[in-house]
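Dropping the structure in here first, questions after.
Order as written gives the chain letters A, B and C; numbering starts at 1 within each chain.
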Amino acid sequence: MIEIRPEPKRPPRTSGLRTLLALAVATITLGSAGTALAVQSGFFADKPEGCVAPDRSLQMYAVELPKDPSTNQIRLGYGLTPQTASYPGPTMEMIEGECLEITLHNQVPEATLAQLRTDPNHPLGVSLHVHGVKYTQTSDGTVHSGSYVASGQSRKYTWYAKPRNSKTGSPGTAGYWWYHDHVVGGAHGTQGLSSGLFGGLVVRRQGDPRPDRTYVSVFGDRQSINLRRGAEADTCDAVNPQPGPTCLVAKVGERVEFIVVGIGNDMHTFHLHGHAWADTRTGLVAGDNKALIDSIPVIDNKTLGPGDSFGFQIVAGDAVGPGHWMLHCHMQFHSDLGMATTLHILDESGQMPPHTAHGPAQVNGPAAGSGATSAPPAGGSTAAGAPAHAGHQPAGS
Amino acid sequence: MIEIRPEPKRPPRTSGLRTLLALAVATITLGSAGTALAVQSGFFADKPEGCVAPDRSLQMYAVELPKDPSTNQIRLGYGLTPQTASYPGPTMEMIEGECLEITLHNQVPEATLAQLRTDPNHPLGVSLHVHGVKYTQTSDGTVHSGSYVASGQSRKYTWYAKPRNSKTGSPGTAGYWWYHDHVVGGAHGTQGLSSGLFGGLVVRRQGDPRPDRTYVSVFGDRQSINLRRGAEADTCDAVNPQPGPTCLVAKVGERVEFIVVGIGNDMHTFHLHGHAWADTRTGLVAGDNKALIDSIPVIDNKTLGPGDSFGFQIVAGDAVGPGHWMLHCHMQFHSDLGMATTLHILDESGQMPPHTAHGPAQVNGPAAGSGATSAPPAGGSTAAGAPAHAGHQPAGS
Amino acid sequence: MIEIRPEPKRPPRTSGLRTLLALAVATITLGSAGTALAVQSGFFADKPEGCVAPDRSLQMYAVELPKDPSTNQIRLGYGLTPQTASYPGPTMEMIEGECLEITLHNQVPEATLAQLRTDPNHPLGVSLHVHGVKYTQTSDGTVHSGSYVASGQSRKYTWYAKPRNSKTGSPGTAGYWWYHDHVVGGAHGTQGLSSGLFGGLVVRRQGDPRPDRTYVSVFGDRQSINLRRGAEADTCDAVNPQPGPTCLVAKVGERVEFIVVGIGNDMHTFHLHGHAWADTRTGLVAGDNKALIDSIPVIDNKTLGPGDSFGFQIVAGDAVGPGHWMLHCHMQFHSDLGMATTLHILDESGQMPPHTAHGPAQVNGPAAGSGATSAPPAGGSTAAGAPAHAGHQPAGS
């Protein structure tokens, strides 16, 4: 018996694709003379071409975190362990040529996922969709490919950091990327993204300089940096600042790396005081080819749309020295509403130098720095700001 | 008798220019002792410097098409014949060094053009304004230069794909560009654009790789891709998909070219699943200069403002294989409202491989692909997705 | 006695930083056993590393200008003298390796600054914050660093155009930048910016081609170019156009430089008719490396967010000849509302050639150019459009 299941109601967005797939259901039902669900043979490859076997594997957990204290919004996070889940999730690092297998465990309660969807026909699940590196349809993280994970379940995703193919001119995958859910709430994962299911990814090329620390800045809706704004975006302890998503700190001379990502519905521009970078893959200009060096724009402000990602390395305090260097969106009403944080650059000994303001004497003004010498915070240089290296064994090394 | 015609009322935008031109009217009236209209000698050159004679010529028709079925909006289109007019219009292709003469025939009824203007003093006409290549004021396609066409009339436009001048450093014109009306409705052609009068243009350089097929993606207002969204943006037949503006299909290994254009009033970001490209003129990285290759960012998501155009070539399914690869704006509310389509990549034999979803068993979920093996659509590789080569005889070939 | 001043109320944006600084106040109060204001020793360096002594020095004045005639808004301007203050301010020019000392004199009445702030605790002052070049915290121009100037006071700022460091890959500072207030109205200088306290800066590299004239186009809110729109953005006299911020004019063959800056809250796209430029540091493509030349995109439309700046050089009328070449935002409603001006390119003799329109006969249409031969305006090529060279003596020249 030929039985075509009634199409559930869905937004018009995927209708063309739905037509294809609905027809596919009919066809396979015809062909297999059974229910579509019986077919589980999986003819899309599990791994991209070039990845024979994973070079390493990771466990990734999607969990529910405490609600945002300011807005009471649901917060989700990815973590290499359930206990360390955060938003942004762990910063991933790969090297060109490497193939990575990630097992995603969805520990977000089904009831939470149900709260985040508006369409009762939309499936409840969490996924991993990644930018830049290679994956087959089975690791796409989308609804139509079925590559997502129900609550309490697990699923393997394979990412391949394909190198450049000099024959076809097909570029390598080295760059600053990101990963995110593509399923929570709707077919584009809009609710997953706005709840915290995103993280940074850097793919390096052999010979790339390694940073001393890496920070991820995700610019999003509600004038947020990493879903926080204002005081919540910069929680550095003045005496003993611990590097992390809400405390950007470095010592003069350290090589600091930023991974910058746009999410949501708004345009932003990323601006950093005192530092600039080349508008290249790494923020640096390699070699000594004068025509190349002369061609490359150097910038300190970059337009950032949703889905965009870029990154760069700077030498902290290069020529400018230590200080409280602002990092903000240059859309004026965004920064005025709190879309700003600070890169605190300490001196070589890990102290913020005592300093005095040179402005007009401020008896009672808000320029708290006026006439004040700062406390010497101890410069922590620990793991919070560094990429996740857990189990990292790049292919060929 | 010296007679200066009264200036008609116009928006303030062009007032400075208007002053210049109004004064010009007075001067010529003085000089010729007659009416301004009698002067037809044309002292602006008709052809850009470097173009002695056109290398080829085309006929282009601007016609009224059936109204948009969803919105009942007026639709206009350009076509190489009146019968083949469409939105976007025909994809134009030139090669550096080539000079192209286009005769534009305005077959849009004057009553339709009158409906599209709000200012009764604005002229009724259609024009061709092109980005990137060279043209004189007489081919500018603007109101102030008079380079537009009244209903029922024709006019010649000359485009010159100027090569690079190594002496002055003046760049060549190879690149991904577009053309559009600049007159319908107002001095910036806003109504012409929103009705459909636009198309893609690629200018190649000698030695550039040729694509197997070219698709144009115009991102515009109302969350539209090529003025459609959702189901209307992807009308592929599952069994026999025919490549065209609303059916993006290719076989694994084919060289697919995208021309991406922004129109209207909104920012967008163009994102393609499973594929990335170098942020260069062609999307490829030529040669083997390591410093150059290392400098170039590779991206899979690019910010796109109105008037922007870029393009790239990819090898379909490179490393990732066949599948239904999403192409969407990454502004979340845009994609959620239907600003998404799919690049369907078939296997080498032109079939979509049978596939099964690996997600959780979905008895009645919207993931129609879950547990379904797709039908094998025949891979059409015909002309609809290819640039307009009609009469194409590049200079020097 | 240990006395910590109560924190004044401030917007949440700087709270993290405020915590650090508030603690700093406590610490120094402890350490010096006196008032914080007594500490004036200044342990942040005054000059960036690499700048031993300024190569030249300038006086800069911030003054109040007549209110905007259309909107009655307050207008402020920077000037090399109080009499020449304007918006945008003087175009600054540096060469890599040069160190510049600028003394900013705040002549804006305190009452005016008070009108522009909404938070009574925000300090009244004006500052100089610059993009791209190097400065220490004492020249940051921010509130928290105290590097601003009260009405009637003066303060020195030091900018260093650091060259590239080939050892670290740290890029040079050559590029198209801008400077602006960071204090008026709020901690991000939003009111200073919207009132006119901004200007362009170009940093050249040894061997860069010099332009014949430089124009600054600041795209901002309310569909403004340099805070004007429509007729106010183009005030060229038809007979004797004088180059300046509101009159963009050049002769065919002249090397014209644009510095393009985004301010405010909106995205824009900068489009110029008839001309394109390479998307490089200078708009040119140097050398003869084919792979490099082939990689570089050429554009005539560029997305521009607040804080972004770019620039380019073009040869006026290159291949396209003289004419009234439109320059506008390609966001359609922006250009329709007046975000458009014109680059008037005269022939070699400084005349606009007599011309006639080739469009349909327009008896009474708004296309004033139709059938009209233009008056020959005298081509002024004077200083208004050129960068401020006052006292310019680049280091090493």
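By definition in this document, contacts are C-beta pairs under 8 Å (C-beta built on N, C-alpha and C of every residue); 3 or more make two chains touch, one makes a residue touch a chain.
Every value quoted in this text rests on a predicted model; they were computed, and no experiment measured them.
A.B. asks: Are the two sides of the subunit A and subunit B contact the same residues or different ones, given that same means over half of the numbers occur on both copies?
C.D. replies: Answer different: the two copies use largely distinct residue numbers here.
A.B. asks: Any idea what the CA-fit rotation angle from subunit B to subunit C is, to the nearest 5 degrees?
C.D. replies: Fitting subunit B to subunit C on C-alpha atoms yields 120 degrees.
A.B. asks: Can you work out the whole-Å distance between the CA centroids of subunit A and subunit B?
C.D. replies: That pair's centroid distance is 33 Å.
A.B. asks: Quick one: which residues in subunit A touch 2 or more of the other chains?
C.D. replies: 267, 278, 285-286, 289, 292, 296, 303-304 - these are the residues of subunit A that touch more than one other chain.
A.B. asks: Sort out for me which residues of subunit B touch subunit A in the complex.
C.D. replies: 209, 229-236, 238-239, 246, 267-269, 271, 273-274, 276-278, 284-286, 288-304, 314-315, 318-326, 328, 330-342, 344, 352-375, 377
A.B. asks: Residue numbers of subunit B touching subunit C in their complex, please.
C.D. replies: 5, 7-8, 10-28, 31-32, 35-45, 48-50, 119, 121-123, 125, 129, 131-132, 134-138, 140, 142-150, 153, 155, 160, 162, 164-166, 168-175, 186-188, 190, 193-194, 205, 262-265, 267, 278-282, 285-289, 292, 296, 303-310
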